[in-house]
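Structures are listed in the sections that come next.
Below are two complexes that have chain A in common, paired first with chain B and then with chain C.
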Partner chain A sequence: MASHVTSRLVLFVIFFVLVGLTALTVWVAYQDLGSWNAPVAVAIATLKAMLVIVIFMEMRFGQPLTWFAGASGVLFLLLLIGMTMADAMSRGWLGVPGK
Partner chain B sequence: MDRAEKAVDYLNADYGVRSWLLTRDHKRIAILYLLSITVMFMLGSVFAVLIRLELLTPAGDVVQADTYNKLFTMHGIVMIFFFLVPSIPAVLGNFLLPLMIGARDLAFPRLNLLSWYVYMVGAAFTLWAVITGGVDTGWTFYTPYSTTASHTNVLATAVGIFITGFSSILTGVNFIVTIHTMRAPGMTWFRLPLFVWAHYATSLIMILGTPVIAITILMLGLERAFGIGIFDPALGGDPILFQHLFWFYSHPAVYIMILPSMGVVSEIITCFARRRIFGYSFIAASSLAIAVFGFLVWGHHMFTSTQSVYAAMVFSVLSFAVAVPSAVKVFNWTATLYRGSITFEAPMLFALGFIGLFTIGGLTGLFLAALGLDVHVHDTYFVVAHFHYIMVGGALMGYLGAIHFWWPKMTGRMYPEAPARISAALVFVGFNLTFFPQFILGYLGMPRRYHAYPEEFQVLNVMSTTGASILGVGYLVPLCYLIWSLWRGRVAEANPWGAAGLEWRTNSPPPTENFAATPIVEEEAYAYPLKEPEVV
Partner chain C sequence: MSSRTSTVAHQFDDAEQQRNASTLGIWVFLVTEIMMFGGLFTAYVLYRSSYPEAFAAASHHLNATLGAANTIVLLSSSLSMALAVRASQVGSRWGTVAGLVVTIVLGCIFLGVKGYEYASKFEENLVPGPFFDLPGAEPQSELFFSLYFAMTGLHAVHMVIGVGVLATLVVMALRRRFDADYHNPVEIGGLYWHFVDIVWIYLFPLLYLLGRH
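== the complex of A and B ==
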């Protein structure tokens, strides 16, 4: 809690890492990686989110309940993506266009 | 009571506009919310009146199609985002949560005030959109119509909803932290009133769901304003993706509206039946089950879109399953009534109305969760009737019951009982006359969202408009006598209903710090019959 303080140096380093990753995202967007386009973009975004959560939001000092709260957000995001993809990927199974 | 000996309470502790606009007292913020959402409710009702007037006759005479499209859109947006979602949590939850758990305030009083300001800014954007021409996309904002075709104020409305979403999130965070950390000594988790459990579950949905609708609305705005291809197939997007994202929040949002009402019903039923609640832990657990499983069923809104049949089957089965925890509550309330010494004060009438109407709304939801039947009644008045049974027959009845039940606590005055019972009856009769014919209309094939219809549907539509008039009177009467009671109502004692619960053990209205001394809890919730009335 209040006893844990992240040093200014760490905050600045992480800030510039995040800016760098943003630049990387932009650069990658102009490269054609075929079917890897989306996974690479999502991977960079995930890394950035983790840095924000663990360093800036000081989740690394969090108690188990705080981790549980954070994890439930991730779980529901996976649920959203998972069930949406379940639809998108099974749309062609019937062999009827649009079904 | 003599003015000189009147105790200091949260209402007379301080005077002036400033003392209200800068207050951090959860009770005063609740009153601010009460005034704001009442205005929004009246606005939404005006749209409803115009809709029902237009549908009195088959031809388009009061308004034409374009205006009608805007009317039902703005009715939905105002009623859902600006009335129903904040109604019970922001008014009664705000007021009662700290009182019920024996705390002096919410965990983050400034955040609480901020949530009201955020709500007001969001409402201002939306009102501006309404005044400068309105929106016609339906409250669901389906793409690609909302991003490419509609020429109305989609962006301003979207910004309004985006902003208001944050007030929901702030309220949810505040409630969860408060319930975790601010409970009085002895107030264990399984001694919490079910109203608190219901708000805990509601807050979970607010936190987990609202960011998704905010992002979705933001993406919609980006596509509309800058042509970024997310939902538009012409730009490489997927319109069905919008429906997924939208309903991921908007189905659970139904539970944001109904769960707090369920909490209210648990409080009222036990009080006026003088009985312990039947199956306390089942009702508490079913609130959490609804909050979690409510997130797994959103695809039932998309059976007639191009969603895959296999996904639809899964969503259908899960939708049937989510009816179970709701049914658990209804059965437990019924069992609580069994052999109770029941009295029929106005809050009880509203609560009983809730149980009946919510049950009809819930069971017709199962019709819609069935894949085959949904294809027939999708986008008809059957759907309109179904969700009004949930949202008006359920959520709004609960809200009215709650306002009556806790009015003496909030204002220190009793409402007059006779007109309150009459208005409960008017609301019940008016509601059923408005919406039951719509089940039949929908089954016969009348589609929703049209300003004109074939002549064979007129009789049922006239019935519906008649019912809406009665319903309108049923809402106006309480508005009058509640305002009247502020000056002329009988002065309320601390516990006018002889109810259990910590909120009844402090003055009516409570002092700013809620309790003179921190209460210590030594018994379960709903320990009816009460031992002896005591005031801390």
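== the complex of A and C ==
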């Protein structure tokens, strides 16, 4: 059976990259980026999550069906947040009672 | 009967098919986990966008230093978990046990720091309820702490379950249940542990670091 094994070096390098990105998250949180602080924080977190998924969780050796399953979770999470916010942010558009 | 055939359940053609099935299975479970945490993240995004000042003010009462330290602890536990999975793949029994034990210890350190943080919040009257008291803050700051306890609490429950899963894996490894051909439980336990790490990767900046600038 073709079991893929990740080298210790790769695991340690990814770990230190994750620690570095954590330091970057903290540093950037104290910079005033206006309304961009939250998107940058989420972008860095997503980069860290992708490193964990692809390397630590060995998704780069994953079957297409496994990728599909994981992506469906992200898709429905974005739908959940996106449609909730679309509702909340558009409620004031019509000046009618019971909005 | 060789050890390989004995570890492949009868419904599978071979060990690789069995491994792919268990990997897909845990990922489908993790998708349901994404949706469970997703409900809380949605509530967070909605109320943070509705009351940005109250949330930023409340966030300042969290200890960012402890949060950052706990992030490093959890990332270290993911490294030791990945090393345990690697050891199980190459058939190193003691490497697997050592990696799992280090992961358990780091997980317990995380929970200990979390418990200390919770105790501080009780002492500072920052726990939502009749004794919540944050002078000069908008009332919605209580909502932030409700979400803080719900999200980190659900995450901590996952950590406790994860420690139980890893302890079970240690016992299985010591009983020689795994070898280079069969170590699916270690890999699946690892995927669960890494997922819980990813949840914290998002929780840390969203709860501890908002409005710091």
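FYI, the second predicted complex is superposed on the first by the 92 of 99 C-alpha atoms of A that agree within 3 Å, B and C clash if a C-alpha of one lies under 4 Å from a C-alpha of the other, contacts with A are read in each partner's own complex, and residues count from 1 in each chain.
Just so we're on the same page, a contact is a pair of C-beta atoms (placed from the backbone, for glycine too) under 8 Å apart; a residue touches a chain by one contact, two chains touch by 3 or more.
The model shown is predicted, which means the values in this text are computed figures rather than measured ones.
Student: Of the two partner chains, chain B (first) and chain C (second), which one does A:L9 touch, if any: first, second, both, or neither?
Tutor: A:L9 sits against neither chain B nor chain C.
Student: Touching A:A86, do we find chain B (first), chain C (second), both, or neither?
Tutor: Only chain B is touched by A:A86; chain C is not.
Student: Based on the superposed arrangement, let me know which partner A:F56 touches: chain B (first), chain C (second), both, or neither?
Tutor: second
Student: Is A:L18 in contact with chain B, with chain C, with both, or with neither (first, second, both, neither)?
Tutor: second
Student: Under the stated touch criterion, which partner chain does A:S72 make contact with: chain B (first), chain C (second), both, or neither?
Tutor: A:S72 sits against chain B and chain C alike.
Student: More residues of chain A are touched by which partner: chain B or chain C?
Tutor: C
Student: In the superposed arrangement, which partner chain does A:L94 touch: chain B (first), chain C (second), both, or neither?
Tutor: After superposition on chain A, A:L94 lies in contact with chain B alone.
Student: Once the two structures are superposed, pull the chain A residues common to the chain B and chain C interfaces.
Tutor: 65, 72-73, 76, 80, 84, 88-89
Student: List the residues on chain B that touch chain A in their complex, please.
Tutor: Of all residues in chain B, those touching chain A are 180, 207-208, 212, 238, 240-241, 244-245, 248, 295-296, 298-299, 306-311, 314.
Student: Considering only the defined contacts, which chain A positions touch chain C in the complex?
Tutor: Spelled out, the residues of chain A in touch with chain C are 1-3, 5-6, 8, 11-12, 15, 18-19, 22, 25-26, 29-33, 37-38, 41-42, 44-45, 48-49, 52-53, 55-58, 62-63, 65-66, 69-70, 72-74, 76-77, 80-81, 84-85, 88-89.
Student: Quick check on the complex: what are the chain C residues that touch chain A?
Tutor: 14-16, 19-20, 23-24, 27-28, 30-31, 34-35, 38-39, 41-42, 45-46, 49-50, 64, 68, 71-72, 75-76, 78-79, 81-83, 85-86, 89-90, 180-181, 187, 190-191, 194-195, 197-198, 201-202, 204-206, 209-210, 212-213
Student: With touch defined as at the start, can you tell me which chain A residues reach chain B in the complex?
Tutor: Contacts found on chain A: 65, 72-73, 76, 79-80, 83-84, 86-91, 93-94, 98-99.
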